[in-house]
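Some structures are shown below for you to check.
One chain, chain A, appears in both complexes that follow, with chain B as partner in the first and chain C in the second.
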Partner chain A sequence: MHKLKATNATRLLGFILLGLFLFYLSNTVDELRVYQGATVAMYVIAISSIILLTGYSGQVSLGHGALLAIGGYGAALVRNNFNAPIWIAFIAAILLAAFWGALLGATAARLSGPYLAGTTLALAVGLPSIANQFKFLGGEQGLIFDIGLPPAWLGQTFSQYKWFFWIAALTALIAMWWLQNLLRSGYGRTWRAVRTQSVAAELAGINIARSKILAFTLSAGLAGLAGAVLSMTISTVSPGAFPLSLSFALATGAVLSGVTTLGGVIIGSVTLVAIPEIADVVAHQVGASENATTNLPGLMVSGLLIVAVLFVPNGPVEQLKKKRSK
Partner chain B sequence: MFQLLNTFLIGITAGSIYSLMAISMVLVWRSTRVVNFAQAGLAMLSTYFGYEIIHRFDSYWIALPVAMIAGALVAAGIELIFMRLLLKHSSQGAIASIAPIIATLGLLGLIKSIIGYFWGNQDVIIESPLSNVGFTIGTQTLALSPMKTFIIAAVVFMVLVLTFIFQRTNLGLALRASAYAPEISRLAGIKVDLVRTVGWALAGAAGGAAGMLQTANGNGALSPDSLEFSLLLAFGFIAAVIGGLDSLIGAVIGALLLGLVLAFVLTYVGGSLVFITAFVLLLVVLLIRPGGLISQKAGRRA
Partner chain C sequence: MIRKNRRKLISASAVIAAGSMLLAATPAQAAEQGVSATSIKLGITIPMTGIASPGYNKIPGAMKAYFDYVNANGGVNGRKITLVVKDDQYIPTLAVAKANELILKDKVFALIGTLGTASTKAISRSAQLSARGIPSLFVNTGFSGFADKKAYPTSFSILPSYQMEAKVIGKYLDDNYAGKKIGLIYQDDDFGVDALNGFKQAGINFAIKVPYAAGSQGVAGVAGTWITKLQAAAPDVVILFGVSSATAAALGNAYAYKYAPKWILGSVGGDATTLAASKVPPAFLAGAKGLSFAPAPSDSADEYIKMFMDVNTTYNKGVAFDNNIVAGMTSAFLAVQAIKAAGPNLTRKGLMSAIEKGASTFANPALTPLGYSATSHVGATGYWIGTYDATGALKPDGGKYTVYTTDSGTGPVVLSNYKRPAMPAKGLPN
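Take a look at the complex of A and B:
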């Protein structure tokens, strides 16, 4: 027992050190990188919600973009209507998305594999048209989500992007710390048991449906948080910000990270942010046509996804572990 | 009364196109136990081949069969090169349940970017070969144009051909046997792998036809980011699942049902609720009959 506490404390210390390092880093790189850093933090939260859902509880969601949208709208509504502080808006995003996640999870628990994938996919396709219907969601234009200027005590030179990054990174760190503790707890073990041996888990007295619904709810809450962070960085929330390709990008990120390794999540997130950049450089290098330039990022993401599924299906971290143990 | 008839006709036309898409998903599911989310991409690619033919030879009637053949060849190629490799590599661990889903999504993205590279991301137009203006009875305009009549006739013809292949030929027997019991079929001397490729090819042809017909039925615009194809994918999938994923007849019934329900909602309730209706219909069917309307087995293990 004593040893366990010590490791918990060291992990917390590790997270704090990582946070301090990130904040130091945010002062040394230029604006664009800081902004990209905020996007990476958003992806970290979103992808880890998929890792929780798929890697641990064994459910598939191709519609997490829809849950991100719910979170984004929730945060913006609370912020705009009640002038709530940013952290309350974030909590509202989590609760709202988790509520819908629980409803969705109750149906999802009865579906398996391709059925669940298709149902969530249908949700992601249909969501923009649903959001367009309601006046208070702002239609096509969406809503403004303005978190305000950075507080004055941070100094005159402190930029808006850096403020975004600080909030996003801190949120991601807290979310990661919570999630990795959760996955190490009895819940994490239960989910893995349900995923790998559902019959044995049921015989051992685990309520499978309840465990799956819980995983879906928590995953949706995380996704909602990611949606709020995403809306913060682009200052608006609109149907167009959550296209089907976002859902696919998250699934890609999860596979690149390795669906069962939370630690790999940074790999997937950085890759997703880096690919458009790399594609841009490559396209300029070869002086490609406009068609090539616009389609290169998509080509690289999909190509990478296929290569990953074929050759490192369980993610780079898992692959390394396997190599070492051989 | 007249509105009722028109709504019915619109539903049947849309439903028949969905049924081709649903059939292509069912064919792949039966042969490989994979829901092919790349099917929309394949249909789109075939339609672009069709567009190219129309561009060169100025004939929709040549383009339609060419698009179907191209769809069949590409689908067979994907099964041969890609799916076999995939099923060999990622069959264990947490990934096993989602690898095929993720991989077909990757394919969808790949196909879209390839299309964008060759044809650009702007709309290209496929002109409808027949008039899209409805027949008139007295002063009323019917929601049935020569083009829509052709679409319904073409789909009925294709479904009949497929049924004939499945029920009356040795190939159909092999297709049914290897879907039902692959191990025993192998022992009985059926080349299960080859049959699987044929299943994909048939699916590709059906998808190609669905793409060509859908594009000519709508406003004729075609682009890699087209919402039409996302909807075709989503509705085709919903129709296939309503029908039971395993049954061709089920796919057709599911698609017609979906087409009719959506048309009636569109006319009598409003366009805003169409998608929610489709989604709710899917959930209701799945909750009441998890195996779909036409399910052969009592429970599903997959």
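Take a look at the complex of A and C:
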């Protein structure tokens, strides 16, 4: 049914065009949207890290916030102590989070289902408060993560948020390009085999534990990168920035995006950023009380989650594909 | 046809975008953002929901009530003040997002009363408050750093620092409980570290120190272990230097264990209505010591409290009058004084220099001197110590406020003879 078989070259072209479009967009919309765009880019990376883990290798993580925290702290420490350029800080975040992800993955490979969910959840609860125990992590106030002003050649009117957005969007594009290549490679096929039929996969000669640990490590690396981007957008890193609700929001975003395909990741990311704003508008329209206004976003996210699970359990993108191929 | 239309649309939007950029590039002509001839818009982001919200979520309502009262009486220099409220759930990431909405979408003139050290720091950095010259008035945190004009040029403190508080408690212990065994429960992070520094300077040696990790107070059984530890060491006086939920957990367990030393409650966790909401019977508090820099909420003889009570009854219907209301209205009152002092041509710069120049002499409810100056953004500089009665109300001993002032450094704690400026007629800007 597919008329146009996408090749690597056309995909790369697609990514470049998307990048150019985002670049154009960043120059036309107002500063608040640019800032929100940076947040969307952060969510894209974080949610795709969950999709890699859950959708492809079949492992559940309710504690991704903790891995984001590791990345955020890693980036800030490298930046503050060695005055490293931003991209080195990002790479450090990836490596550090991937290292911890490998350790966690080794444990996780022995667990499955609710036990794994419980273990990762405990991590999300416990890890951020570790920052309070060590002075070099800055305690409750956390650390400053200042990437500095945009370069002077971009001009006087070039705002800090546009700079954040450019960095975040470029990072997300590169990460997505890498990830979609990875998922279509032998590794991706191996993970899918493990997820759908682990016994058959084992019989086919796949080392299940190794494949799971690898997935966890790479997913953690991506999560670390997302954490570094998140910390950049708020210029600080502190335990409070990685609450349990962040981990849940990411899981929610993954479900809304469709956990088995990377294609819908932007849907979940935009939804997470847009919902509070939509809720604000709705609350204003109906003149809701303050109490209702503050609780509306949570209600809307939960409602959407239920609707998504009921009607598009594999995500909207998968659903569309199915319809088209019928 | 559709394609043509779309192309038209794209080129049209490009033209509009280019036009709006040109407009944005021309220097601002009329008034500052958030100010018109008839209005001033302020914004606050604060935990309205979530673990840190109890008590603090009453602050915006209290501010609004006082602003409404001022507006109903003609506003400030003919301008009415509105307050846009956002909920950040005590999460720094959300706090930055909400602050950005306030600044970029709601286009507020200034921020006021942001709560929490990590959130306030993140907002200041990420939203580039100092580079953009956006005032952040009367932040709700006792972290002494925000008073540092060099690090946070547009932020202004209001609460005395944790270190000041610990030093004042130290002085009180020295004067009244010399030679007795002292115990302490504190939060094991910067909040507690600041306090420990203050106690150390005051020369207090603890018989027992019980640290708790932030958040652990909510875990079943944890607070009970604090009390068994205290019982084993048997101090005569126990200082509770934690947030409301931890203070409530400690007192609740002490009540269950029938453990009753002499309590001293730090101001952060010492609000009686918040404690009562957490099921600590007010009677159990009777005789405990507490601190505040503003007049006691129950002190209706105080002209400010009397006025605030009236404002609360009219403009904040059905909300119980307590410390949080007093705190919110105090910040709102100071903000109004500052806006008044900044004059009819209100600018952000003008507002900040008005506070630096005059705020130490502004009419305001605080019973301690305010430390604002050209070089410092310190707010209140000390505390009075009182006793909780059987209804849970904190009252000054002997019906008279004994106020101590100090600094966040190595300065001594001294008895203050500060005389607060009289309240302007009806509590309105004059």
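Observations, loosely collected:
Just so we're on the same page, the second predicted complex is superposed on the first by the 319 of 326 C-alpha atoms of A that agree within 3 Å, B and C clash if a C-alpha of one lies under 4 Å from a C-alpha of the other, contacts with A are read in each partner's own complex, and residues count from 1 in each chain.
In this text, contacts are C-beta pairs under 8 Å (C-beta built on N, C-alpha and C of every residue); 3 or more make two chains touch, one makes a residue touch a chain.
Everything numeric here is computed off the predicted structure, so don't read it as measured data.
Once both complexes are superposed on chain A, the partners chain B and chain C clash. In the superposition on chain A, contact of A:54 is made with chain B only, not with chain C. After overlaying the two complexes on the shared chain, residue contacts for A:95 are found with neither chain B nor chain C. Counted by residues of chain A touched, the larger count belongs to B, out of chain B and chain C.
Looking at the shared chain after the overlay, A:320 reaches neither chain B nor chain C. With both structures placed on the common chain, the touch criterion links A:195 to chain B but leaves chain C unconnected. By the touch criterion stated above, A:133 is placed in contact with chain B and with chain C alike.
Contact with both chain B and chain C is seen for A:295 once the two complexes are overlaid on the shared chain. When the two complexes are overlaid on their common chain A, residue A:251 makes contact with chain B while staying clear of chain C.
With chain A as the common frame, the single stretch of chain C that clashes into chain B is 275-283; none of the other options in 149-157, 275-283 or 347-355 do. Within chain A, the residues touched by chain B in the first complex and by chain C in the second are 129, 132-133, 245, 290, 294-295.
Chain C contributes residues 13-14, 17, 21, 24-25, 48-49, 61, 85, 87, 89-93, 96-97, 100-101, 104-105, 116-119, 121-122, 125-126, 128, 131, 143, 188-191, 193, 213-216 to its touches with chain A in the complex.
Interface of chain B with chain A (complex): residues 29, 34-35, 37, 82, 85-86, 89-90, 93-95, 97-99, 101-103, 105-110, 112-114, 116-118, 120-121, 230-231, 233-234, 237-238, 241, 245, 272, 274-276, 278-279, 282-283, 286-287, 290, 300, 302.
Residues of chain A that touch chain B in their complex: 54-55, 58, 60, 62, 107, 110-115, 117-119, 121-123, 125-126, 129-130, 132-133, 195, 244-245, 248, 251-252, 255, 259-260, 290-292, 294-296, 298-299, 301-303, 305-306, 309-311, 313-314, 318.
On the side of chain A, the complex with chain C involves touching residues 27-28, 30-32, 35-36, 39, 129, 132-133, 139-142, 144, 146, 157, 160-161, 230, 233-236, 238-241, 243, 245-246, 276-277, 290, 293-295.
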